[in-house]
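What follows are several structures.
Each of the next two complexes has chain A plus one other chain: chain B in the first, chain C in the second.
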Partner chain A sequence: MVRFAIDRTVSAVVVLFVLLLLIFTVSRAGGADPVRGYLGANASAEAVAAARERLGLDQPLFVQFGQYLTGLTQGDLGLSLSTRRPVSEELAQRIPATAELALWAIVFALILAVVFAGAYSLRGKVAAVIRFVLFSAASAPAFLLATAGVLLLFAQLGWLPASGRTSYGPSDGMTGLYVLDGILAGNPAYAWDAFQHVLLPALAAAIGPGVAIARVLADGISGSLKSGYAQTARSLGESESTIVRRHALRNASSPALTLLGVQIGMMLSSLVVVEQIFSWNGLGQYLTSAISAADLNAVAAISLVLGGLYILINTLVDIVLAIVDPRVRLT
Partner chain B sequence: MLFLRELTPAEDTALVPATPRPRRHFTIGEAIALFTLGGLIVLAIVGPLIAWYSPIVPSGVPFLPPGSSGHLLGTDNLGFDIGTRVVFGLRISLFAAVTVTVISAIAGMILGTIAAFVGGWLDSVLMRVTDLFLAFPATIVAMAIAASLGASLSSSMIGIAVVWWPMYARLTRGEVRRVINSPHVEAARMSGTRGVRLLVKHVLPSVVPTVLVTASLDVGAVVLTLASLSFIGLGTPAPAPELGLMASAGMQYILSAWWIAVVPGVAIALVALAFNYVGDGLRTVLRAKGF
Partner chain C sequence: MLANKSFTLIGSGVSVMLIAALTGCSASGGVPGASKGGELRLALLGDISTPDPDTAYDGSELNIVNSAYEGLLGYVPGKQEPELTGVLATEWTASANNTVFTFRLREGVTFHDGTPFTADAIQSSFDRRNAIGEGPSYMTAGVASVVAADDFNVTITLRQPNSSFLDLLASPFGPKMISPTALKEHPVVNGSEDWFDSNDAGTGPYTYGAFAPGTSYQLNAYGGYWGDAPGYDAVSFDVFSNSATIQLELQDGGVDGLIGYADASTFDQLKRSDRLSAYAFPSMETPTMFVNPQSPDLADPDVRRSFISSIDFNALADTALADTATPTDGVFPTTLLPANLNTQAITYNPNALAQLAKGQLAGSTITIAYAQAGPAAQALSDNLAAVLNGAGIAAESVGYDTGSYYAALTEGAAAPDITFYSGFPDTASPEAWAFVFYTPAGGLDLFGADVPGVADLIDQATVTGDDALYGDVAQRVSESGYWRSVATSLGLAVFQKGISGVDRAYSPVITGILDIALIEPPA
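And now, the complex of A and B:
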């Protein structure tokens, strides 16, 4: 078990390093010129050359990579060429916003998965319609779901806000997660308001993964219920709901968890789009503005943070699974 | 070292959702999806030839709602005909997605075949690299690459292709290894066929169709990814009729003229949904027929 965990951790580090190398290389050797973005299109050739030298962009690529790595260990991700502030500062400001959105999206995806799995195992005409609606929603791009949410729950019904993180000022709490901050500060009105703000964007990102996990969960449960151990449990007089709870759900949850790890990667990329729609000042919005300004230091840093998060989550999922399900360790 | 752990047999079967009853025919829903898909493809091919508006020249009063005479799907904030732009957008999206899928599938097939056929250290190295790429968060890496190459449709296509080929390399390697041990290959080998000839004449004919079927069903996912990239500004700049770009540009009018953003969004969703439905049906039917 310990060996498996160490193995997974070491390979996660290798994957992260190669990701770093890949993103660094394309961001420096790609076609977009960061200095032009920094100085503007009308800068003179001398000014460009001087800036190139000052930013270290005239060095060979591997020297630059060494400098980047050294900087990284000190928390220095270079200068954001569009805002002219250190990228690390820009990131620190925005990570809590994306973290809050992502956490709620994962929570909603899991809740939806269990609810939808129930809907998937039903039989009959109504159930078929429900399945069709769910499958369609899961096929739609996140921005369409977000748009539908805005039109229905904000414009038509006026139930939920559709922009920003709160109607009050930014939270001065320590976590930077507004809902949690509101609760910790004993301010339920603030927490409730922040929750209402996070509801639509998080749901827009959660529906796709929720449906995907639900399908696997429903299939797994129906498969387990036909298995030998379910028969045995039945013959021992256990009720059907006990069998689902104690045996089937457990066996079905390990593929579902594996899929959750993969789905979180897709969710992170839909968050980039969703943040844009809901003016959510997180990494996604920063990425979009960095792209339009050809601010490659920022682009590289944001993809590293999101990519690192994805690798971290998948490694954790694998290790948790190996603890729960011994079959995972053997392979 | 394992970059991706092997799936347990239970996970392996569970991760491909099975339909309760194996069947040999499409359901009505899947047949409708197939016709929709065919219709969309035909529309993307011939639509621009018969369109009577230009996608990049204003053709009417701005902000006409869908159903207006002469503008079935309405006009946008600049008076462009949305229906025309969606048809052109479909053409661009489908063409780009097919290109990306074909390039990735060919690259994956070549690498997977070499890995399986040559074996040994080359196999290990190639599969390590493949696993490494599979462990990346695909869309995020595609975004980073496309942004670094400078925002344009071809950058996005390159970005997606870079993260898309490993799936086909894995699939091809598995298939080649499976087929190479089958009786007909054994017989060919007995009768003296060796090397590339054995591969091309006896192994690949059973491998290529499987990979192509899988790849063709992935076109929908590529359309979605391309649209997301275009939505955040990684595509051809306006006024190009790209579906993702149209949807994101329409967002600022969402409360006054919802159709500017929603119509292109629905077009993308329709493509993705049709591909997913046809894919589900095809997988079930092929499995029932013993593939």
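And now, the complex of A and C:
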């Protein structure tokens, strides 16, 4: 276990270093220049040159990269040129927003996976229709589901809000997760309002992964139920639900969990679009505006956070996998 | 077993919440808080930079800055022709050589921290802008001295004559008066977070309230304001990341207003809504076509001029910009120069395009660039590409994100052949337009075109303020074929019906800026 943790940490550092190097190289090779956006369009050529020098953007790429790494080791992520605020301050505001959205999306994806797996297991014409609908939903990109959700549940029915995280203003709670903050503060109205706000974006991000996991789970359960040990269990008098719970689900969960890691990675990517559609003040929204403004410090920091998160999630999935399935060893 | 039960309970709980949220009517009506009573809720498309009075030089943060800070002079809002008006100055004079300016200051004004406004504030406010040294610092960089005869009479002397100085003071980006007390407590410190990022020390009708960067920015009415009380007790600028959601929120009543940003088709849709009032204000923003001097196809002056003459720019503006702009035959923004001095040297020739297609531009591909943030520039680029392709000249319209756009135009012969850019002068002075757009030192001479003699003419005109000299500039730059002003953009705004004062609140200089204090709730 210790060896596993060390290996994963070392590989994470290497991966994140390469990621940073790529970001710096690609952004500079592309000729992106954040200074005009930083100063304002009408800034004189002299003002632009002075700002470029002051910000160190006139330095060779390797010098800029070295300065960034030096700052990073001291916890300084630099200044966000698109907002003029420290990147660390921006991240502190936005990480909880993305975390809340991602957590709800994962919860919904797991619930949907179980429900959809049941639907996949059904037989008959109705089941075929359900499978077709689910397959179509899984094929739809998150932005399409998000847009359809906004048009139907906000614009037409007025059931759910279409933007932001709450109607009551930002939470001053300790976690930055608004639903949880509302509950911890004993303010159910705030928690409920925050839940309504997170519902549509989280569902838009969750449906695709939910269906994908459901299909793997359903196939696994179906295969397990036809296996020799399931037949043996039946002959020993175990009920079908016990066989599903004790044997089939456990065996089928291994590939489903592996897929969950991949799907969460893809879900993080889709959150960039989902946050944009729902004006959700998270990392995705910040990343979109930072890329447009060539705000390299912001792009690098967000990539570090998302890359680190992706590695962490996959590591956790590996650990859970080893716990659920004793045949799996952590390496 | 316990884990299984917990999972089941959590799953059931979440499912119940899910179903309840989807089937039950939302407690808040599903809308993130329509304005109540004295709060005006305005939509911002995209986050803003920190609203510091000495760095804000672009974008919507100016609506926040200018609500909390005031300068000595301003322009009368809601008037197309720019007219200087006193804000914190009540009287002013300029010497014949445009070097010495005197001001009588308004009495009875207090900063938001309670400090009385007197002549002391001028020097320290100018000093801060110069010390920060960013985009708008040139407005005060030429000040040689600020001498106060007493608390309310001041003489400002410039190092060099500048006929635009009063206009620079009146600019929406112009120097603001900041409490000397706050300036002492919060000096300029490079590289650290600035107190002025989220606090204000101005004299304006509103003070900065709670700021949640990326989410919302709040203004609160200042009870000690020297002028008429603002229309709303509070103003909230809520950040949205896409215009479609703003459109839905406007139609649903979730926000009260949107200033700027709409493209032609969106504006047309919003205009048709029964519950909304749409406004289109005159401005000095002028979408302009820039031609690359090093373009392999258009570097030849005769070909370039022929190309300019081949385009029916009025038709192009009508088609591309519809109700969001009016075509122009001027070179400078129309309110900056008398019409007889502000004329294009190259006129439209309906036969020129066909001749170019068969002749000098046969086999060429014209690349037209635009920055994706500007709907007017994109519409013009796309439509010009369509016109050229229709005439048999291959053309492509290419969008760049803001970070890449300016750099792409500096690539000489490899840069796009043409770009459209919708720019505005900093203030209502011909110099503010000509220097920025027609000289390489200006910053928005996008391809670095340099017409001999133009920079000298602008320098002379800056000293004297002689319109005839600017008329010469107009002739030379339009003859060169490097620039072609296409239209005058209208500043767009959409508000809920019943909200009043919007039509009296626009800036004659730039779009996207309103005097927020003049906006009033429905009766």
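One rule holds in what follows: the second predicted complex is superposed on the first by the 272 of 331 C-alpha atoms of A that agree within 3 Å, B and C clash if a C-alpha of one lies under 4 Å from a C-alpha of the other, contacts with A are read in each partner's own complex, and residues count from 1 in each chain.
Please note the rule applied: a contact is a pair of C-beta atoms (placed from the backbone, for glycine too) under 8 Å apart; a residue touches a chain by one contact, two chains touch by 3 or more.
Everything numeric in this text was worked out from a predicted model, so none of it was measured.
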Checklist entry - Is A:I6 contacted by the first partner chain B, the second partner chain C, both or neither? => result neither
Next on the checklist: By the touch definition at the top of the document, which applies to A:T288: first (chain B), second (chain C), both, or neither?
Outcome noted: both
Checklist entry - Where does A:F132 make contact in the superposed view: on chain B (first), on chain C (second), on both, or on neither? => result first
Next on the checklist: In the overlaid three-chain picture, which partner chain does A:V150 touch, first (chain B) or second (chain C), both, or neither?
Outcome noted: both
Next on the checklist: Just checking: does A:V26 make contact with chain B only, chain C only, both, or neither of them? Give me first, second, both or neither.
Outcome noted: first
Next on the checklist: Looking at A:Q276 after the superposition, I want to know if it touches chain B, chain C, both of them or none. Which is it: first, second, both, neither?
Outcome noted: both
Next on the checklist: Quick check on the superposed pair: does A:V15 touch chain B, chain C, both, or neither? Answer first, second, both or neither.
Outcome noted: first
Checklist outcome for this item: chain A residues contacting chain B in one complex and chain C in the other 30-32, 147, 150, 155, 276-277, 288, 291-292, 294
Checklist outcome for this item: In their shared complex, chain B is touched by residues of chain A numbered 7-8, 10-11, 14-15, 18-19, 22-23, 26-27, 30-32, 132, 135-136, 139-144, 147-148, 150-151, 155, 215-216, 219-220, 222-223, 251-252, 254-255, 258-259, 265-266, 268-270, 272-273, 276-277, 284, 287-288, 290-292, 294, 296, 299-300, 303, 306-307, 310-311, 314, 318, 325, 327-328, 330-331
Checklist entry - Okay, in this complex, where on chain B does chain A touch? => result 1-3, 5-8, 10-11, 13-15, 17-18, 20, 29, 132, 135-141, 143-145, 147-151, 155, 220, 224, 227-228, 231-234, 244, 247-248, 251, 254-255, 258, 261-262, 265-266, 268-269, 272-273, 276-277
Checklist entry - Which of the residues in chain A end up touching chain C in this complex? => result 30-34, 36-37, 39-48, 50-51, 54, 82-86, 89-90, 93-94, 107-108, 110-111, 114, 147, 150, 153-155, 158-170, 189, 192-193, 195-197, 199, 275-281, 285-286, 288-289, 291-295
Checklist entry - Which chain C residues qualify as touching chain A in the complex? => result 10-11, 14-15, 17-18, 21-22, 25-33, 46-50, 52, 55-59, 133-138, 173, 190, 193, 197, 210, 212-216, 238-242, 244-245, 248-249, 251-252, 254, 372-373, 401-404, 406-408, 411, 423-426, 436, 440-444
